[in-house]
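Chain naming follows the written order as A, B, C and D, and within any one chain the residues start at number 1.
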Amino acid sequence: MGGNSFGKIFRITTFGESHGLGMGVIIDGCPPMVEIDENYIQSELNRRKPGQSKIVTQRKEDDRFVIQSGVFEGKTTGTPISIFIPNKDQKSKDYSHIKDSYRPSHADYVYQKKYGIRDYRGGGRSSARETVARVAAGAIAKTYLRSQGIYINAGVTQIGHISLDTHVKDINWSLTEENIVRCPDLDKAHQMQALVETIKKEGDTIGGKITCNISVCPIGLGEPVFDKLHADLGKAMLSINAVKGFEYGSGFDCITMRGSAHNDIIEKQGEEVMTTSNNSGGIQGGISNGMDIYFNVAFKPVATIMRDQKSIDHTGQSVTVKGKGRHDPCVVPRAVPIVEAMAALVIMDHFLRYQAYHRPS
Amino acid sequence: MGGNSFGKIFRITTFGESHGLGMGVIIDGCPPMVEIDENYIQSELNRRKPGQSKIVTQRKEDDRFVIQSGVFEGKTTGTPISIFIPNKDQKSKDYSHIKDSYRPSHADYVYQKKYGIRDYRGGGRSSARETVARVAAGAIAKTYLRSQGIYINAGVTQIGHISLDTHVKDINWSLTEENIVRCPDLDKAHQMQALVETIKKEGDTIGGKITCNISVCPIGLGEPVFDKLHADLGKAMLSINAVKGFEYGSGFDCITMRGSAHNDIIEKQGEEVMTTSNNSGGIQGGISNGMDIYFNVAFKPVATIMRDQKSIDHTGQSVTVKGKGRHDPCVVPRAVPIVEAMAALVIMDHFLRYQAYHRPS
Amino acid sequence: MGGNSFGKIFRITTFGESHGLGMGVIIDGCPPMVEIDENYIQSELNRRKPGQSKIVTQRKEDDRFVIQSGVFEGKTTGTPISIFIPNKDQKSKDYSHIKDSYRPSHADYVYQKKYGIRDYRGGGRSSARETVARVAAGAIAKTYLRSQGIYINAGVTQIGHISLDTHVKDINWSLTEENIVRCPDLDKAHQMQALVETIKKEGDTIGGKITCNISVCPIGLGEPVFDKLHADLGKAMLSINAVKGFEYGSGFDCITMRGSAHNDIIEKQGEEVMTTSNNSGGIQGGISNGMDIYFNVAFKPVATIMRDQKSIDHTGQSVTVKGKGRHDPCVVPRAVPIVEAMAALVIMDHFLRYQAYHRPS
Amino acid sequence: MGGNSFGKIFRITTFGESHGLGMGVIIDGCPPMVEIDENYIQSELNRRKPGQSKIVTQRKEDDRFVIQSGVFEGKTTGTPISIFIPNKDQKSKDYSHIKDSYRPSHADYVYQKKYGIRDYRGGGRSSARETVARVAAGAIAKTYLRSQGIYINAGVTQIGHISLDTHVKDINWSLTEENIVRCPDLDKAHQMQALVETIKKEGDTIGGKITCNISVCPIGLGEPVFDKLHADLGKAMLSINAVKGFEYGSGFDCITMRGSAHNDIIEKQGEEVMTTSNNSGGIQGGISNGMDIYFNVAFKPVATIMRDQKSIDHTGQSVTVKGKGRHDPCVVPRAVPIVEAMAALVIMDHFLRYQAYHRPS
């Protein structure tokens, strides 16, 4: 009930603080006999880790993980999988200046008020470092989903005012990992990189957008009413640090559209049932219809800036919070694997939910 | 696990089909001794009901409800509250034409594929009529929250290209119920009404946006990591029929903002801690900070249009689905109480979750 | 969280008070395409209903039910099934004498203290009448399980000091419904009936025991650690009104046994793996092993007796509570279908949980 | 959904295998500001650990734990508490003989069939070593409950045919830790110890019973219907390895009792409301009534005996499984802290559930 678990059948629970012993995740409900490729898990963690390029935070966390349980001779056993990622490059002293002060637009103040206590070092539990545990769990979900022919790709499609014009169906996802911005359009990637470098020099930060595509879910994932597939995807994305908005299919653009233009016509193409357009984003009535699922996620500019800001301390006195430490000027390049991981967790959970009700025939 | 429940402590389960005996909701986990005002519940249902004005569907459902359990001598008893709303004005014959055909951008096709069976009459379980049950439950949540000084207001802020320019903090919510569009700006309301009437004449439909404001949550609601307050609000909104997007605080606009402009400076104003701006939308790190919570919800144009559309039948043959029945040209005027209800359910649940961990001192 | 739901995948929620409008149950998570036989559901309700024989309460409830949702043209649709059983023969005046008094060993006192309010009529929510909803849901679970070759039989094996000597594996379950005690041994049944009639004349009540057998679960139902199959069966039984104890397999007798005698030797008999004894009660490490599952449930004597008893009223004053109304001298004959229903709900839920993790191969 | 979590508000998830890296537990939902005494946690683990006396297994596990998260400067922070207990004295070779064979009355066979794979070393996940994680979590629950005036005591009240005659209300719990059997009667303790030593010499094992007393819960814990306090206690106990039965209050003895003798008369004693007897075991209608809660738990004889036994291997061939390794001749002395821990987890969870619905007044 503390809010640190996600999923119903494939259920993860994360734990750990930014500057404690480490971060971890327990997966309860993973099917047995899934082959675990530790190199793949590490490669996913590397996509998220700090210090990977010049446009992200220069902290040097290794993010080496250890599987503590649930895997035997390279395969999952059906028992809980525990993955622990020890913290390494913590510089707790960096944070003594905020022990008694509240950084603007951070969780410092609300944690203190909610709990009456907080591990202030690096934000403690509210740190985005928590997402390393999600990426580890997501890697296992992605492994399983790939074996079912389901692939999840995310990429940066906007930073500041620089955005892709391409419709999601025309994105070449293979380009995403070819640039440090993780934008699937190399021209835009260069512009975005230049923008982030400028912003960084100014000690400021900037927002961004990530687009994600899931290709291709079987028909029937998602439950009607409250656990609609897009509702669970939305919650998953909104649970990621710094996310302010979620839209799928036509998204907010649907507001200005007419039904006659928005409706996706169903037709049979060869043996397959398809829709000629995909404003539904692959989901109708909360249930996957076999078309690609796609959605956008809005990330706010990182709250920690390298500038002095006014705030208050725990006694209510005015203070100046100084910009210190090593932080990301823009969070989206490192958030791409997090979006993919959370999407994988949702699809995995609904995949198993679907199976629960359907007898092998 | 069928996805028909929402909330963890204050937990509702809805049931019923559009053209079955009726719709209903069970609330398990309502505190005892809440005074139930049946007139208030009815007034909330009336805001959602069909036939209430000339710009909504002309079906004539009464939406009279009966409380079957959980209330004794006008007060809740702590046991499950069951509310049943019998269906009245069902014209099942209206739907015989879609028994074997799938309406574009409806749930017909995916239900058939997922379950192998469906109550096709009026969309069955996928009908937006299900939301009547949510509004009933929401009315009880709102009753409780008001007693704690928490007020929830929603209104239509965009239809098609006609949108409010007003910042949410300057909206006069008392205007919402003064016009049939439920727009808290009377000029815009008239424009919107004209637009909807035009669209309706053309047999078409149009999308819209609803903005919701919650004033004022105590500090500390929401759980870190997965059950962030805005993540649960997002899921709640995305679970409403026809919703395609959710954003809170600065929302998608944050993408183009810099941290130095986006951060909300904390200061003490008299005895109260406030932020000078509220891009955070009243939530930091997933936890309410005592400022107003606000968010936007995007609704797609209603899928049922009064025009012929191409589709397929259950054998895969091409068919023409005819526009028939009595439907809304734009869903947002009737969706306002639904948005409020779902917001109330989320806040109520988190209010009780908060209490679980905090001893009276 | 109010405790009125049971099961994780096949999840029921019950509602209603003894003297309110009726009792009901919502089943969320029933697979689609289960054929519903209303006569069978009614026959199960009839086994539980008051007035069915001279040794049970003479209240004349009909226990007619109505399916309000989730079934279309005789088959489940995968959406929530709502079953409502209107109350009929309520004599609320019978209870005015306990409005302000607390009956000994009833829930009156604790409900009043917990909630500050209670529907005192007939015990309100604490009435065993609530179990009618469980039996209705159980009938659907039993329907599904039978189609998978799983049969559940319960019978009365002890009342007072009269008990069966037969080992559970030698019980002839077909005899259970041939006598009004529901004891699968006709000699013992006559003795039990005589005992109950004597007890009734004396205005007293007596305890009893029910034995249940499940034949035969596939291997692999039950989850390790907390959701062991017998732990969920135990919780299910202990949730039934008046139950004081649960044991499975060798049960409490295991205390005096040695491992060398208690262990069940595994051997291959033809093509099947069996154990030569079944002290394990069909469950090892919490997981079904393919042998019959069996367990005992202890029911206390009904608290309402036809004698005057000392108690207190809501002001703490001493009062005499008079024995009134129409009550059972012994609860077990009517509890047999309840035990079966709860067992069915547990097995059904674990059956679907099992399926969630196992791909059709 | 894998069954490795327990509790709704105060929710634990355990992980780890007997011969893997270690055992662990995550507690999600612990209130903040609970002072953690690591010495106390260790002392609880020591009560459970192997090698503590001559009548238990001679394995030499240290059971040193590390708190990985959720505690800051000696107090809980409201974030997930992770406790890890590394495995030390694993002798995996001891188990190579059961790699392909199934020990009688062990979980080997059903795990293999359910998952298609198992970590056979020391029973893997099915090992009772898993309970070390429960004891660690229970120690934190007990810490909190003590601060609310709630004390939990368990002791061995029967081994084989040697049993206490004392009624639970007359037990002197302070004697429990004064003998290696953990029996709160020193005479019986000596007899029990002699019996266990004899059994051990014979290479056999013997069953036992533990009685637990909770003094004193506030009135109102427990939810009606399914989450009755005793139903959750029953599930908790039945989830412990080797448990075959649970009874509370009068338990199975109620079967032969009459209502007139069984009913607990309510009376006011000074300012307090009490019952003159306590056959209800402190719980009425599933809700605590302020009297002591007590219950019995039956443990079967340990399945591993130091004798050769017939069984089969994975190909279905007959084999002889040899008695090897270091095992307990009787499990109850070490199970006492486990029973207390599980009781604490249940009471803790219901304590917080109670608080959720009750405003500080």
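Heads up, the rule we're going with is that a residue touches a chain if its C-beta (ideal position, glycine included) is under 8 Å from a C-beta of that chain, and two chains touch if they have at least 3 such contacts.
None of these values were measured; they are calculated from a predicted model.
K.L.:
Suppose chain centres are the mean of their C-alpha atoms. Which chain sits farthest from chain D?
P.N.:
Comparing chain centres, B lies farthest from chain D.
K.L.:
Where are there more C-beta contacts: A-C or B-C?
P.N.:
Between the two chain pairs, B-C has more contacting C-beta pairs.
K.L.:
Could you grab the centroid distance between chain B and chain C? Build each centroid from C-alpha atoms only and quote it in angstrom.
P.N.:
It comes to 39 Å between the two C-alpha centres.
K.L.:
So what's the Cα centroid distance for chain C and chain D, whole Å?
P.N.:
About 26 Å separates the centre of chain C from that of chain D.
K.L.:
When the C-alpha atoms of chain A and chain C are each averaged to a single point, how far apart are the two points in Å?
P.N.:
46
K.L.:
Where in chain C do residues touch at least two different other chains?
P.N.:
Where chain C meets two or more other chains at a single residue, that happens at 1-5, 8-9, 14, 29, 32, 78-79, 114, 125, 224, 352-353, 356.
K.L.:
Any idea which chain B residues touch chain A in the complex?
P.N.:
Interface residues on the chain B side: 1-6, 8-9, 14, 102, 104-107, 109-111, 113-114, 125-126, 130, 158-161, 199, 204-209, 219-220, 222-228, 230-232, 234-236, 238-239, 241, 244-252, 254-260, 262-268, 273, 275, 279-281, 284-289, 298-305, 307, 309-312, 316, 318, 353-354, 356.
K.L.:
Please give the residue numbers of chain A that touch chain C in the complex, ascending.
P.N.:
Chain A residues touching chain C: 9, 29, 31-32, 78-79, 224, 352-353, 355-361.
K.L.:
Considering the complex alone, what residue numbers of chain A touch chain D?
P.N.:
Answer in residue numbers: 1-5, 8-11, 13-17, 20-22, 24, 26, 28-30, 32-33, 66, 68-70, 72-73, 75, 77-82, 84, 114-119, 124-125, 352.
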